[in-house]
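Before any comments, here is the structure.
Letters A, B, C, D, E and F mark the chains in the order given here, with residues in each chain numbered from 1 onward.
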Amino acid sequence: MKRGLYVGRFQPYHNGHKSVIERIADEVDELIIGIGSAEISHDLRHPFTAGERVLMISRALKDINIPVYIIPLEDVKRNALWVAHVKSMTPPFDIVYTGNPLVIELFREAGIRVTSPPMYRRETLSGTAIRARMIAGDAWEECVPSEVADVIREIHGIDRIQQIAKTD
Amino acid sequence: MKRGLYVGRFQPYHNGHKSVIERIADEVDELIIGIGSAEISHDLRHPFTAGERVLMISRALKDINIPVYIIPLEDVKRNALWVAHVKSMTPPFDIVYTGNPLVIELFREAGIRVTSPPMYRRETLSGTAIRARMIAGDAWEECVPSEVADVIREIHGIDRIQQIAKTD
Amino acid sequence: MKRGLYVGRFQPYHNGHKSVIERIADEVDELIIGIGSAEISHDLRHPFTAGERVLMISRALKDINIPVYIIPLEDVKRNALWVAHVKSMTPPFDIVYTGNPLVIELFREAGIRVTSPPMYRRETLSGTAIRARMIAGDAWEECVPSEVADVIREIHGIDRIQQIAKTD
Amino acid sequence: MKRGLYVGRFQPYHNGHKSVIERIADEVDELIIGIGSAEISHDLRHPFTAGERVLMISRALKDINIPVYIIPLEDVKRNALWVAHVKSMTPPFDIVYTGNPLVIELFREAGIRVTSPPMYRRETLSGTAIRARMIAGDAWEECVPSEVADVIREIHGIDRIQQIAKTD
Amino acid sequence: MKRGLYVGRFQPYHNGHKSVIERIADEVDELIIGIGSAEISHDLRHPFTAGERVLMISRALKDINIPVYIIPLEDVKRNALWVAHVKSMTPPFDIVYTGNPLVIELFREAGIRVTSPPMYRRETLSGTAIRARMIAGDAWEECVPSEVADVIREIHGIDRIQQIAKTD
Amino acid sequence: MKRGLYVGRFQPYHNGHKSVIERIADEVDELIIGIGSAEISHDLRHPFTAGERVLMISRALKDINIPVYIIPLEDVKRNALWVAHVKSMTPPFDIVYTGNPLVIELFREAGIRVTSPPMYRRETLSGTAIRARMIAGDAWEECVPSEVADVIREIHGIDRIQQIAKTD
């Protein structure tokens, strides 16, 4: 049995995440998805709450055929404690999938196996780019799974990010 | 669509929780299970980590036929902020199932509907009683779903709680 | 100009506090009232929020003839930092009025003048005794200024403390 | 009875705040002034402690003819919890006066009425502009009520901000 | 090169600690002494600050002939993070000396070697017993190294603990 | 007896620190070295843990002929509390050596004597410059005492900072 961990902020969950997860799902028996900076919301880089992100990801992954654990991870502020924090909040895992240089370093120092999945169309499919579209009123729905677009509409997510983006 | 929230500490998840959840599952379309005091572990009242509890509950509920969201909830220490914390960490919910008098009061003051499910054989099926059995070396497996017993064995949970129970 | 500090938890503000404050008001030009453990509410020893306590005290002191500053003070958990915390949250003060042995020690070590006002009918006029009456359904209104009783009724304070006092 | 809430950082309290508060005071029966980022001081954007700001505002408002509650509000870091935090620290309020887009969004999501008062000569009467004058040694007294200028002199506020502004 | 870690609260550092450390010093090349609950002081169980405890231990160990690192360790509140916290605050170590059952469990789960040194006259030489003597005004100097007694006198430690022990 | 305090972040401890400390050591009987931002590590401005920095400084100062106390100081985030925090974590001190304008202001407001030691070749011997060399793969060993270079090699410090400096 091989259980993998994939961590992201998912602001929002988009097609790039989806393509990475589909490839990881072919390699592992069970997958943990850690939602980073879970406690942060309602700002321009983190518009959505952890609960809203759980809902996006659960809906988008409803047809995946392996067990998936979706876990909000609050920040601990101290890099030296982060791996212990993640381990305490998740089921045990054998391998970590991440491209983040700091996350790679932290897990390596802890003696945990790390591999970097290729990102899919990184230049257009980043959270930063998608949030910029949302703020500008440009099309963003094509960048995310349709279930995610539904959730964002249900929670009036575009109204929120556009309001926050106003200047005083 | 009706989504319910059920919050517990699940130290460990036992047959009393199971019987309550089965009844709630008949009343709602989707169920959120909040794991309280998620950040606490390795003490006599909270022997298991949030991740271990996620694993217990996920395995025990693998055949449930409605969508279930299992969410670790770290404490916020301030009762006046707790409802806002729970709401930010979970998908939106319509009703809360709890028998805890404080939790009832906090959700009521927030204008959220609360109902108290009957507890099943409360006197023997409490976390306190089960942890006492584990420490004493008495039989505890019959009090929990078999999947939970498997998880506790996999993580050497009895060794842990018995070690912590020693005196200096 | 002599400005005094008086710190309490005021759960609730009662006639004992009132008699002490009336005497202090004769000795100082301005009075700071610090509301301790401001962040704690909705538990049996701390049923009321800081905001509710601000309202009780403001109403009860509406006819006092010196300037009064009513300041919620969140706990800092570390005794060695508490005096610095209080000083940062309040206007500068010359003297502290308190009977609490730890508070006396902390201000003395910081080189700040402390004096202990006599408590008025301590045995019956304590927050502990008044909260016990509220929970038991006994008469409590006579222990507090009438303006405080009005506030407690407005916020449904008795319902709250009685609900929290139930057992699961 | 209509009670309004107005939140600012008041670093320092200036004539722009004064003109806004005078207009709000005509619309409400009681006014709560929340001092944001109360725990921050001694830096270039937040030179004054909460206690010093309480003193500035209290003195400047000494002749106002409605009840005013001046409440330091420590940050909670999590936007999703901020409204619950403010509500717990203040008397109950019916309406919020603010021009801050995030604050508007947070109160709106909580179902609380918000209105945006017009700012008075915003370009010159901002805290940022006044602090820049203080650091540069330019005239700043004309931007604040005379009682505030007195407090800043009493606490040697200009010495402090100029010292902090030095480079190592 | 073998570096050992010994953790205690040292409220105060006494002859029992001294005898344990002398034995450890025969087995290691370098010794780290971690001062637990470093941030807590001025209460009956933790009368002394971390800095005062650093001074006691440094003076008492001034003639030890191996390198010693004396490190205050603030609590992290979460057992699952404690080992990572200790590792980040101390030089790397090969072995932990402790008799505390929880500390044994936490280091064992982290794969770090632990050994339990025999305690010396535990019944009389405990911090609890010594603090009780200090409060009661009984002789305590004989329980601690003379350098520690000197430090406690210099900081007026007996006055402090006796003041804190008074009832309101 | 005159005890001095010198505070720095020591990321890493370098020859500039060494020359300052040698001059301070001529003026005091005992020296406290406070390691600021102790809890931060594994980022570009703070690559090393507090424990690693303790080891660097201890080794580099092994031949100093006065008692030295090396104390990790976690941040408290609130400037108004920082002096009280430092005082609680260190043995009592008579004088502070620092060039930092904010630190000067905070100790002065607390009535503690401060003096600013001249920095040695500040332009090349800054932590910022040395970390930039480490990241770029340039020579850095000449900027630090040889014992510090040994520690950085032992803990694979260059690998760490270069990994963290990569872009995702």
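Quick note on the criterion: a residue touches a chain if its C-beta (ideal position, glycine included) is under 8 Å from a C-beta of that chain, and two chains touch if they have at least 3 such contacts.
The model shown is predicted, which means the values in this text are computed figures rather than measured ones.
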Checklist line | Co-neighbours of chain F and chain D - touch as defined | finding: A, C
Notebook entry, point to check: Fitting the CA atoms of chain D to chain E, what rotation angle results, rounded to the nearest 5 degrees?
Noted result: 180
Next item on the list: For the copies chain C and chain F, give the interface type as same if over half of its residue numbers appear on both sides, and as different if under half do.
Entry: same
Next item on the list: Could you put a whole-Å number on the gap between the CA centroids of chain B and chain C?
Entry: 37
Next item on the list: Could you put a whole-Å number on the gap between the CA centroids of chain B and chain D?
Entry: 43
Next item on the list: Indicate the residues of chain B shared as contacts by at least two other chains.
Entry: 39, 41, 49, 78, 80, 87-88
Next item on the list: All pairs of touching chains, please: list them by chain label.
Entry: A-B, A-D, A-E, A-F, B-C, B-D, B-E, C-D, C-E, C-F, D-F, E-F
Checklist line | In the complex with chain E, residue positions of chain A that touch it | finding: 76, 78, 80-81, 83-85, 87-88
Next item on the list: Report the residues of chain B in contact with chain C in the complex, numbered from low to high.
Entry: 77-80, 99-102, 104-106, 108-109
Item checked: In the complex with chain E, residue positions of chain B that touch it -> 39-43, 49, 160, 163-168
Note to self: Applying the document's contact rule, which stretches of chain C touch chain D when the two form their complex?
What the structure shows: 38-39, 41, 49-52, 54-55, 58, 62, 67, 69-72, 74, 87-92, 155
